[in-house]
Amino acid sequence: MVYCEWGKVMKYDCEHPWAPDCCDHPRSCHRPNFTKVLDHGYVELIEHWGSDERIIESARMSTNKGFEGWDKDSKLLAYLWKNKHHTPFEMAGMTIEVQAPIFVFREWHRHRTQSYNELSARYTEMPNLYYLPSGARVRAGKQSTKNKQGSQEGFTDVEGGDIILDLRASYADSRDVYEALLAKGVARELARLVLPVAQYSRMRASANLRNWLQFLTLRMDEHAQWEIRQYANVVGELVKDKFPRTWGLFIE
Amino acid sequence: MVYCEWGKVMKYDCEHPWAPDCCDHPRSCHRPNFTKVLDHGYVELIEHWGSDERIIESARMSTNKGFEGWDKDSKLLAYLWKNKHHTPFEMAGMTIEVQAPIFVFREWHRHRTQSYNELSARYTEMPNLYYLPSGARVRAGKQSTKNKQGSQEGFTDVEGGDIILDLRASYADSRDVYEALLAKGVARELARLVLPVAQYSRMRASANLRNWLQFLTLRMDEHAQWEIRQYANVVGELVKDKFPRTWGLFIE
Amino acid sequence: MVYCEWGKVMKYDCEHPWAPDCCDHPRSCHRPNFTKVLDHGYVELIEHWGSDERIIESARMSTNKGFEGWDKDSKLLAYLWKNKHHTPFEMAGMTIEVQAPIFVFREWHRHRTQSYNELSARYTEMPNLYYLPSGARVRAGKQSTKNKQGSQEGFTDVEGGDIILDLRASYADSRDVYEALLAKGVARELARLVLPVAQYSRMRASANLRNWLQFLTLRMDEHAQWEIRQYANVVGELVKDKFPRTWGLFIE
Amino acid sequence: MVYCEWGKVMKYDCEHPWAPDCCDHPRSCHRPNFTKVLDHGYVELIEHWGSDERIIESARMSTNKGFEGWDKDSKLLAYLWKNKHHTPFEMAGMTIEVQAPIFVFREWHRHRTQSYNELSARYTEMPNLYYLPSGARVRAGKQSTKNKQGSQEGFTDVEGGDIILDLRASYADSRDVYEALLAKGVARELARLVLPVAQYSRMRASANLRNWLQFLTLRMDEHAQWEIRQYANVVGELVKDKFPRTWGLFIE
């Protein structure tokens, strides 16, 4: 049997596992608003609401007026943003679906103003998908001597290759134990104890625009771990696409 | 000059003051999804997001599946609701505009999970609109002897009429002082000190469906004051219209 | 009968109505941690938890260490504050009691991360206490020509005196109607319709230190209305007293 | 060298590794309000604020009264709880420290109203502590046939012993890779990729009493995984100790 990147049995021997109907994933793999992240992850826009205009309309409640055209209102939007009048930005928002490793979700879930629904390792067998960093990432993954939480350049190609082999072997060993325990009839909620935090999981996340921008402020920052930054960058692209004027102010 | 129900000068001598272009209100008075409440208030749906189907999709994240049709999934929706698995209901929501007296907004704003943008008495002159209860409401407005916070039947037509005259005269006196102070050049933020809590104000309010349902649980309840209940009932109609299956479970 | 500043019958003919047992207010008027604000308002510290040290301890969870003395840790506290690592500041907090006019509470309650319990005009008769600005405040209360929401210097002593008389008369008229309606048996929840937003109310408010500091950022600002700024300044004094090192960083 | 249960080098050859100064853990292991949970975890009360009396005081704000003694007020407390007037319960709270496996923290952190500060695998090497279920737990850890997320009785002593050996070996292998990667100079943020979700971590958590009770409602429930239930039971004991009357109503 052949598995696609989702850990699902592929129905067709297609070249590109993201093509439609390549696997029995509940929804087609071929989707607009879908962006791959890392080796097996993705961010997909499920829906958005509100707009740059809606933000102006809500801000104008205070003065009993409405949206009056961007000639005049681009100034107001900039004023709201720069003076931290953030409540009008709560009148828009986005729901996304994300596939990411557990250690990324651990950081993500510290954002307590988002709503989450995630894959449950108690209800279902976890997919056979583990985050393996690229060679470039590993070579830049030496413990930083400048800051305690970061990493820096430093490994050779050979050293990097060895590290990747170490990770891959460890994931494979853990997966073998996981599957063996399930085969013995051990409950999913216990068998999962051996799964590493590189294990991919999946969730829906929903928040208003103010809270997404706060998420991006922290997670697009250079102090954020490189992996969650890749996700934040894609969320940023979605904001740019749906709320272009707000985005313009955000990145200034 | 003739004023419409918004306290705005009417442009046309139209029969129906809610007809389009009857006044210079920033947006047309003739709007779909617009429902009058009390004597000068309203609730208008600005937008909604998500759906009953979306709630199922989000709940199914836990088992790695999607929406499978209501034949099967109406059971799941009922299970979620009855077992208080409320997070999937955060994946939908509504933004509304509300015109209501200040004492209603005082109760409304205790719901801290909603987002608000309201008319500011510092930025703009408040509209000449005050809540005058109907005869029926006043006749049923005797201090309850059964519960400390409520009211009950008890006044005659004549008594009720007198009470309405008292309220109306007091509002007019306060408004006169307010306008006189503004005419003298007193700042709006100080002149408003005399305005009664029957003063109408206006806001946008946005929340996810879980939080709207929590609002309705408290504010459609018979212990809620009659006035805010009228608003909650209209919000309930919007939920019924946009999320009919969730509504069906809510009112069971 | 003589009434104290609480609108309560004074038991003793004491000179200072805030002295202990001067009135039948449920708790003594003579209290530590009690500060008068405006003409009839106050802020009282009910209790606080956590400390500057506790904030360090919580931040040090990340590196598996504890508090190590201020010689070393004053730097860490400054680092946390300046780099917006705000979660450790959630490990401390304060509960206060506040008496303030309704228009101040209207602004206060927009802070949705605080917990509130307030006097209910449905359950009890509101106290005969209304905010009357001082002569100095009124003379500085002309509508600002520089910014739409503010006020500025400009009235003469005579003009200011007239404005104060206007306010006082309007409050008295509204109060008379309120009491007359109650005397007729009208339910408290309806009689209160005529009460002006200068009406004093009372509440308990509780929040963690991070949220109190956010409150102070907005409400000690010169763009905040002068009245709520007086309350914020007193809350600031409480923070200064209980969390002196955090306060030192906040006001930098 | 001998390691204590914290993965720290023991200074003394003491019998009881939890005795004071047995290891170089930043704070003494001998602490009041400290309860062991699972094999290497604990819950420790750091501090609490408010009280059953304070809850009454706050609720009485609405009627302009204070605490009047439990003869009268035990009824009021019961009324508040049963009629879901939950805001007075926000006027009390607790801060605790918790050591638990990552899979428990993953469930815990879904409670978005708590404040958290946790050990960071980017800043520090994770302790060599992994959750190994007891024999009794494993024997009761067969995949349930009644409900999809649970486990049930079913393994023999021999089968259970084998499962424990499988888990232990897998943890040891993962730990070896982790330490080898660190020894090679791989950044902590990457080396941790292989760590299993049975890895112990540590955090401070703070919340008001209303939110702790909501946590207990979900996590003391029989549908919660057995491991997090052990933590919730200890939190429940703390609530019982500090807020006995509220606890009495909660468990009814």
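Note that the chains are named A, B, C and D in the order they appear, and that numbering of residues resets to 1 at the start of each chain.
Keep in mind that, in the parts below, contacts are C-beta pairs under 8 Å (C-beta built on N, C-alpha and C of every residue); 3 or more make two chains touch, one makes a residue touch a chain.
This is a predicted model, so every value here is computed, not measured.
The greatest centre-to-centre distance from subunit D, using averaged C-alpha positions, is reached by B.
To overlay subunit B on subunit C by their CA atoms, one rotates by 180 degrees, a value rounded to a multiple of 5.
Each chain gets a centre from the mean of its Cα atoms; for subunit A and subunit D, those two points are 28 Å apart. Per-chain CA centroids place subunit B at a distance of 42 Å from subunit D. Counting partner chains per residue, subunit A shows two or more touched chains at residues 63, 87, 110, 116, 120, 123, 148.
Residues 26-27, 46-50, 54, 57-66, 87-88, 90-91, 93, 95, 97, 115-120, 123-124, 127, 202-204, 206, 208 of subunit C are the ones touching subunit D in the complex.
On the side of subunit D, the complex with subunit A involves touching residues 101-103, 105-106, 109-110, 112-113, 116, 120-123, 131, 133, 137-138, 141-144, 148-152, 154-155, 159, 163, 166-167, 169-171, 173-174, 177, 180-182, 184-190, 192-199, 225.
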